[in-house]
Each structure stands twice: as C-alpha cells, then as structure tokens.
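As written, the chain order gives the labels A, B and C, with residue 1 at the start of each chain.
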Amino acid sequence: MPNLTLDEFLTLRISQRCQHFIHNNRLLALVYAQQLDRPLLESLFSLANAIRKLSQSRDTRLFLRTLLSDRRAMLYFTQPSTRTFLSFSTACQILGMSTADVRDPATSSQIKGETRQDALRVFSIYHDLVIMRQSEADFCENIAFQMLSWPGHKPIINAGSGADQHPTQALLDLYTLHRCFAQTGGVDHKKIMLVGDLKRGRTARSLAYLLTNYPGVELIFAAPDELAMADDIKAHLRENSTPFTQTQDISTHLSDVDAIYMTRIQDEWDQGTTKTSIDYNRFGLQAQHLKTLKPSCCILHPLPRRKEIPAAIDSDPRAVYFDQVENGMWIRAALIAHMFAVDEQILCSPDK
Amino acid sequence: MPNLTLDEFLTLRISQRCQHFIHNNRLLALVYAQQLDRPLLESLFSLANAIRKLSQSRDTRLFLRTLLSDRRAMLYFTQPSTRTFLSFSTACQILGMSTADVRDPATSSQIKGETRQDALRVFSIYHDLVIMRQSEADFCENIAFQMLSWPGHKPIINAGSGADQHPTQALLDLYTLHRCFAQTGGVDHKKIMLVGDLKRGRTARSLAYLLTNYPGVELIFAAPDELAMADDIKAHLRENSTPFTQTQDISTHLSDVDAIYMTRIQDEWDQGTTKTSIDYNRFGLQAQHLKTLKPSCCILHPLPRRKEIPAAIDSDPRAVYFDQVENGMWIRAALIAHMFAVDEQILCSPDK
Amino acid sequence: MPNLTLDEFLTLRISQRCQHFIHNNRLLALVYAQQLDRPLLESLFSLANAIRKLSQSRDTRLFLRTLLSDRRAMLYFTQPSTRTFLSFSTACQILGMSTADVRDPATSSQIKGETRQDALRVFSIYHDLVIMRQSEADFCENIAFQMLSWPGHKPIINAGSGADQHPTQALLDLYTLHRCFAQTGGVDHKKIMLVGDLKRGRTARSLAYLLTNYPGVELIFAAPDELAMADDIKAHLRENSTPFTQTQDISTHLSDVDAIYMTRIQDEWDQGTTKTSIDYNRFGLQAQHLKTLKPSCCILHPLPRRKEIPAAIDSDPRAVYFDQVENGMWIRAALIAHMFAVDEQILCSPDK
C-alpha cells in the first residue's frame, strides 16, 4: 500500500504515521496510544460493554466464541509479561480464536542469525493476528509498517514496546474511568490525580495524553521532582487546553479529586542509584487517606503494585484496580473484534 | 463467605478447614487429600468411568467437549512438572475448556515486586478455574482461602504443593486400585504393600491416609529405616483401626499382597548425604519377583521411576503404572466436571 | 506388531525399516524422508492443495476445523525451533486439533532420573499424535519403533532429529517445487541447483535424495569443498540415475537452472574454526544475479537465512521462500489429515 520507505515513514509526525494504520475507520494495527481518538474510544467502550454482557450466560458465551473460531492469533511476547499475556490470551479465547505463543526471549532463529523482521514475517504467515510485546521501543512500529507491504498484511497489536508505548493499557485505563463515571456524566470535566513515577511510567504518560480527548478534564501530577511528568506531555496538554497542576504533596488534593491513578516506581529501569534518595512513602496511598476521599472517588492502579497501595485498601469499594484487570480483558476482546469487523454482529445480538 | 482471617483459618484442624472448601456436596477447591472422603471418591470414580466410556467414539468425544466449551482454565505451574501439567491440560481439553499456562518459575510480576497473592487474584479474574502447582507447601491453601472472599471466587485445584500435598495423585492412585479390584470385591479387605521412600513420598503418605476409607484394608510399609512412614500417618491409621506392618524385606510379603505400590527414592529433596548409605536395591522389584506374585496382584508406581522397576516388568499384565497415567487423565477430567456441576449431564448421557 | 527387538530393527536397511511405519498405505509414523515415495508425495500435495483452497472462506475453514476437533496433539520440542513449532501448531489448529506442548529442554522428569522412553510413553497416553523435535539423531526413530508395541500406538511425526532427518522440511520443499512447476510440466526433467552447506544441511541432503523420485531431474551442487554434498547421497543419485554436477561457481549455472535452493552455512554445528577459511560470499545470491536468472526460475530457501539472500531480492516474484513457509503449514496439515484418515472427507468436499 504505502510507497514510502521505512526511513521516510519514520520522519513523519505521529499523526501522519497513524493514518497508515487505519482504513475505513478500522485499525489495521494498534501501535501508538495516539491512534485512540474519542470516536474510536467510545465505540470500543460500547463494544466491550456488549461483550461483557454477552459473557454472562453460557449461550451467549458460546455465540461470542463462534465469531473468530476460524482465526488464529500469535502472541509474540519476547519481553515477559504474564498478566498482559494472559489478558490477551483470554481476550482471544472469548472470541473463539486459537492462539500460539512465543514467550522465550532467546528464540532459536535468532541463534541462527535470522533477522527478527524475517521471523515476524514468518509468524504473520501462520497467523491471522500478531500481538507483540518486546523491550525495544521501535520494533513493533517497524514491523507494523513493513506488514503493510507484505502479502496478506495481518493486523498487529502492540502489547507493550519497551518504555515507550503500551496502547491497550491506556485503553483499559480510560475504559475503567469511563465505567466509573458512567452514572456521573462521564469522564468530561473530572479532576484526576496521577501519582508516582510519571516520568517513566508509560501508562501515566499515555493516560495524560489521551485525557485531552475529554473536555474540561483537569489533571494533577503528584511525583518526586526526579520523576515528574515530562515536557512533551505537558506541551501536548497545553496545546489542547487541558489544565494541569504539579505537586509533591498528594494530601492537599485528596478530598477534591474524582479519580486517583496510582503508579509504581519503575526502579527496574534504574541504571544508577537515583532511587535511594527519593522518599517513596510520600507517593503512596494509606488506609487513613480513605476517609478524606470523596465517596465517589475511584482509585486506579495499572498493577503490579508494591507498597504504594496497601492490601487493606483492596476491600474499599472505591478501589477499582482489580476491576481494571477485568476491564482489560473485555476491552482487548473489543479491540480484536473491531479489527476483525465482527463488531456489528456483537452489537446487533439480541441478548447483548 | 468466611468471617475468618487467614491466620485464624490456619489454626483450625484440617477437618474443619476442609469444611470451607465444600458447598452443597461440591468442592469449591481441592487443596488437601483429606477432602476426599468415601462418597466423594465413589462419585468421582463413577464419573471418570463414564467420561472414559464416552471418549471411545467421536460423537461422544464431541459431546464431552461441549460441556465446558465456554470455560477457561489457568494452569499455574511454577514448579515444573511436565506429566502433571499435561495430564491436567488434557483433562481440560477432554471437556472442551480453553487453557492458558504459566510454567516459568520466574514470572515478570515477581521481578517487579508484586506479591503472588495479587498475581493469583489477577489470574483468577481471567479464568474460570485455577490449577496450581508450586514448591511452597502452604501457598495453594493460602490462595484457596483468600479466593473465598474475592469476587467470583473461582475454583482451585492443588496440582502439587511442595513436599506436602498432591491430592489428585492420591485420587488417581485410589481410582487405579478401584479399577484393579472392580471384579474382586473392590478395595475393601485388600492387602496392599507400599515400598520405598515412605517418609517423603507424598503419594505414599496420602494413599495410606485415604485407605482408611476402606474397611478391612491391611497395609505393609517396606522402607529403609531412614525413610520409614512417618508417625502422623501411623497415628491416623491406628485411630481408624487400619492395621499395618513395617518391614525392610519385601520378599516375605510378595506372595501375599493384592497390590504393590512402588515409589521412587526422592533424593532430589536430599540436603546432605543420607542417601549414599541406603541399599536401594532391597526396595526395588526384580523380574524374578513376578513368579512369586499372585496372578491378580497389581503393581502401581506414581512415576517417574528409576531403577526400582526394571523395564522388563512393563509387559507383565499386572504392571498397571501406565494405566495409572491414563487413569489420572480421566479422574482429573471427572474432578473438573464435578466442580463445574456437569456431572449429571455426563452420567445421564445415553451413550455413557 | 513387530516381533523384532529395537536392536534387531536398527540393523535393518532403511527401506526395510520404512515398512514398519506404514499400514494400508497410511503412515503410522513419519520418521525418515526416505518414507516419502512418489505416490505418497503426490497424494499429500493434492491434499495440501485442497486444504489450502478450503481455507479461503469462513464456512470451509470451519468445516476443516471439525475434522479432528475431538483429537489432541502433543508438540514435544526439546530442541527449540520456533518456526517449525508454530508451523505444526498451526497445522493442528487448521484441522481443529487441540495442542499441548513441551518446549523446555530441561523437563522435570529428567531431573528426577526418568528415561525419556517413559516420558514419551506417558505423553502418548494423553495425546492422539506426538510431534517431536530433539537434538539426538536417533531418538525419534527409537520412540517410533517402541510405540508400535505400546497400547494404542499413536502416530508420530519427526519434526527434526538433530543433524539427521527433518522429513517435513523435505516435504514442504518438494511441495513448493511442485507448485512452482505446476504450469510447466511438473518437477520432472527440471534442472535444480543446491547452494551452500550441502554437507551438513539436512534439508539439502533430503531434497537431493527425494528428487530421485522425479525422472529427468538434473542437479547442480554448489558448495565449498569442505561442505560438499556427502558421498552417501551421491551414491544414491548414481544408483537412481539422477545426474549431478559439482561446482564452486554458481554464476556459470544461473542462466540455466529452473530452481535454486539456497541454504545457510550451518556454523552453529561447528566445533572448531573451519568456517573462518571459507569465502561465503561466493555461495550467496546477489541482487545483480536476478537479471541472469530465467524469468520462470524459482528461488527457494528453507529459512532462517543470513547474508546468502539479501532482503532486496524478497520482492522479486521468483523469490518463493516465504511461500515455502506457507506451503509448510498446508503440507503439514495434509500429513496429519492423511495419518488420521480424514483425507477422503477433504478431497470429497464440494467446496474444495
């Protein structure tokens, strides 16, 4: 399809690159969180709600399983991630897709000196969908672009590319907010605090970016100076007139916010000793904070967590981080259904 | 359901703990061999026989596969065990369940500092059944208890928890004895010799424990002194009036017994050098022993074996250790069918 | 079935051994490329073409998936090979088979001292088909022979046994040639050049061997002296009157050949430093060679490749190495369909 070379493609602005991965309002590949505009988000949320509802009884579960029962998905997870792997595997199973997986970072073909481009081209021949997660920031984008010129150009989903992009996490976070605010006017005009490692946490970055789709949203960034939200995101917020505040003290905002998005300090990326100097306790939620929060406030976390949310908070009805896990499963099934154009069948099902 | 804390639960006697994992005569979790009482054993054996029979033709195999075709199982095997893994995977497939697995002891979430409680809670959100095997003795019990208070409380099966419990192995061993004695009055009143590492072999321990369910059974324990059956099991036998003898000479009992349960010396648990001093040959079966055995005697082994049964014995019709393997597959399918309440559909099938 | 011992079996000529693995013109096991005679090849090619055609629409894909939907395959890949693993996994899924796999070379039973014979016997109890790949040359043959005397004797497919045999690769290579020459009189009387590591490359060895099934075929072996085609294959070619030439200069034959079979220098088998002395560039294809080739010449490579074919050649219509990948998937599905005797159902399908 494209007459561009990969090098030319990579010089494009991201909004231009996004245009290559959509055709007739349907994603050919989901590579960047930036592809998720408001209409697409809304349609995926509706689809996820429908799939969730159809999963409540055996007959409709079996109906869902017929939808892609002739299709095969490949889960190429050379960067291990058990929860994301299982979430996608389950999403495929909900729609009846067969799956195969590669989860070993050291695959034999690499030992034999093969390029990973060749490996991915081979995998895309066997399968109807490639879901990939790896530690390199640009590999998924690279493959998704090349796929456009390979015969059969199979759809691709980025399930996490290094520290860079993890668009389906952003999708499930927004879907969770969408559900939390279903009875209170939606995400528009809500005040949302993001806490923790905002510099490196790709989930917090993507969420902040995508919240510019929602008019009136106000953001509070609570992070240690060293891990503050980066300038590129702040510039994007300003461009889109989304107001934000920065703070190092979460307590002054607790009584005020509609949602808190907690994150883990990503010290597995640390090269040196920066982490030792930060007092992480200031960026954790405590059981005693609960009485300060609004009754309707919801607490999100992309998981895995460490000490930033103690287990004592889990049973509070405002804690929705395990709902996020479930939401991830439904929204990923919705994404796959959208890419394979079985959304109409789902939305038109009488039992939906 | 329970208003107990985990710590309180763990102070209960095992018979009281068992009560938490059963509801309306249906297991919510199989954690301990002690949960397998006589009525449950008999009903699982009947169910396994029915599933086996239905597996003999294509139409009825396809019927079985419809039963749980809308369900998903998670095999969480952080302690590798290929044969148990495959046995459960097959049992799920027989009933049409989709499966996903984690078999790598080092999962990513642990690298990121997540508790395994959180990890298991996440997995239980994605799946309808969790089958777990790991090296820690108490982890499965811990999770099974917590699951009771998590939303959706999915069923759990203990597929081996360290040196402690492996209830489905006990189940398949008893099912094998049940089948061996189907034409000769059942397991009641049989004389059964257990040979080898009776101290550490959890399968021998569980089998001895559960045989108290069968009136008139007489046990012979043949083991080196260092690896003799432990006092807790012997106390249980005395309480239940199950007579037993201890010996270091298998040959004096060979002509007399109805079944021999051979086990492997579990020297992979050895810390020091105890094993070098034991003459293991005395606790092995030899081809020349075969002429001494009763024609109806059956020879069991939980496998894997080493030298304690030479391959020359495999073709003797009394050797049933490969039948045990097959029995394990059917009885695990029966257990899953029981937990998901599709047993009636199986037992009422006209082709059964 | 056989009253032979394994040792006796292994003294037989390969043509005699082949007789043990076929019954009523149907393979019980595919162990050796030598089992693939011309009638079997032709029938598998027809079957693969039919499966390929039936895979073009959803209804017929679903029909294919019913064929073995009550069957379970085991993929025992203790020698990692991602592409072959996925090709077989996909072939099983095309026919609706459930799969389970062991891909870790260090399985638990081996830690516990079990023989792999026992392990394979156990796996064959759980599954209806065993597909195995491992680094030892003779293990698959050994198991396939023993399987004949085990109850249920399940079919076995050799998916690569060390440096020795990889019969389904030979099958897919021949199937690719068959398709390339479908409009030009078939493989008979074609001139085919094999290039690269002909000494150790089992695919080149098997292909040369099997091309004796095709009258009039003429072979050119282009390899460094150190890696020349071995004498056993050359003797076989002479016995079957298949002419061959040896060369170290591919360029003199480029304008003349109907197909070029490129291979990778297998230096992962190297023990010493032989490879450093060879100028591999002389055994690679270059973009400028393309204008010399016949318009109908096809370029094959079993993959993975390294520098012997630059990516610039990929878009040339004569490059069929990615078609080979797809062909491998269809021909493996055809092989499985043949072994399970569902070939008639496929060939008689009206939509085929």
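Just so we're on the same page, a residue touches a chain if its C-beta (ideal position, glycine included) is under 8 Å from a C-beta of that chain, and two chains touch if they have at least 3 such contacts.
Everything numeric in this text was worked out from a predicted model, so none of it was measured.
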Inset, instruction - Give the rotation angle, in degrees and rounded to the nearest 5, that superposes the C-alpha atoms of subunit A onto those of its identical copy subunit B. - result: 120
Inset, instruction - Pick same or different for copies subunit A and subunit C, depending on whether their interface residues overlap by over half. - result: different
Inset, instruction - With chain centres taken as the means of their Cα atoms, state the distance from subunit A to subunit C in Å. - result: 41
Inset, instruction - Mark out which residues of subunit C touch at least two other chains, giving numbers and ranges. - result: none
Legend entry - Of subunit A, residues touching subunit C in the complex: 69-70, 72, 74, 98, 100, 102, 104, 107-109, 111-115, 117-119, 121-123, 125-127, 151
Legend entry - Residue ranges of subunit B touching subunit C (in the complex, touch as defined): 58, 61-62, 65, 79-83, 86-87, 89-90, 93, 103, 264, 268, 303-306, 311, 322, 325-326, 329
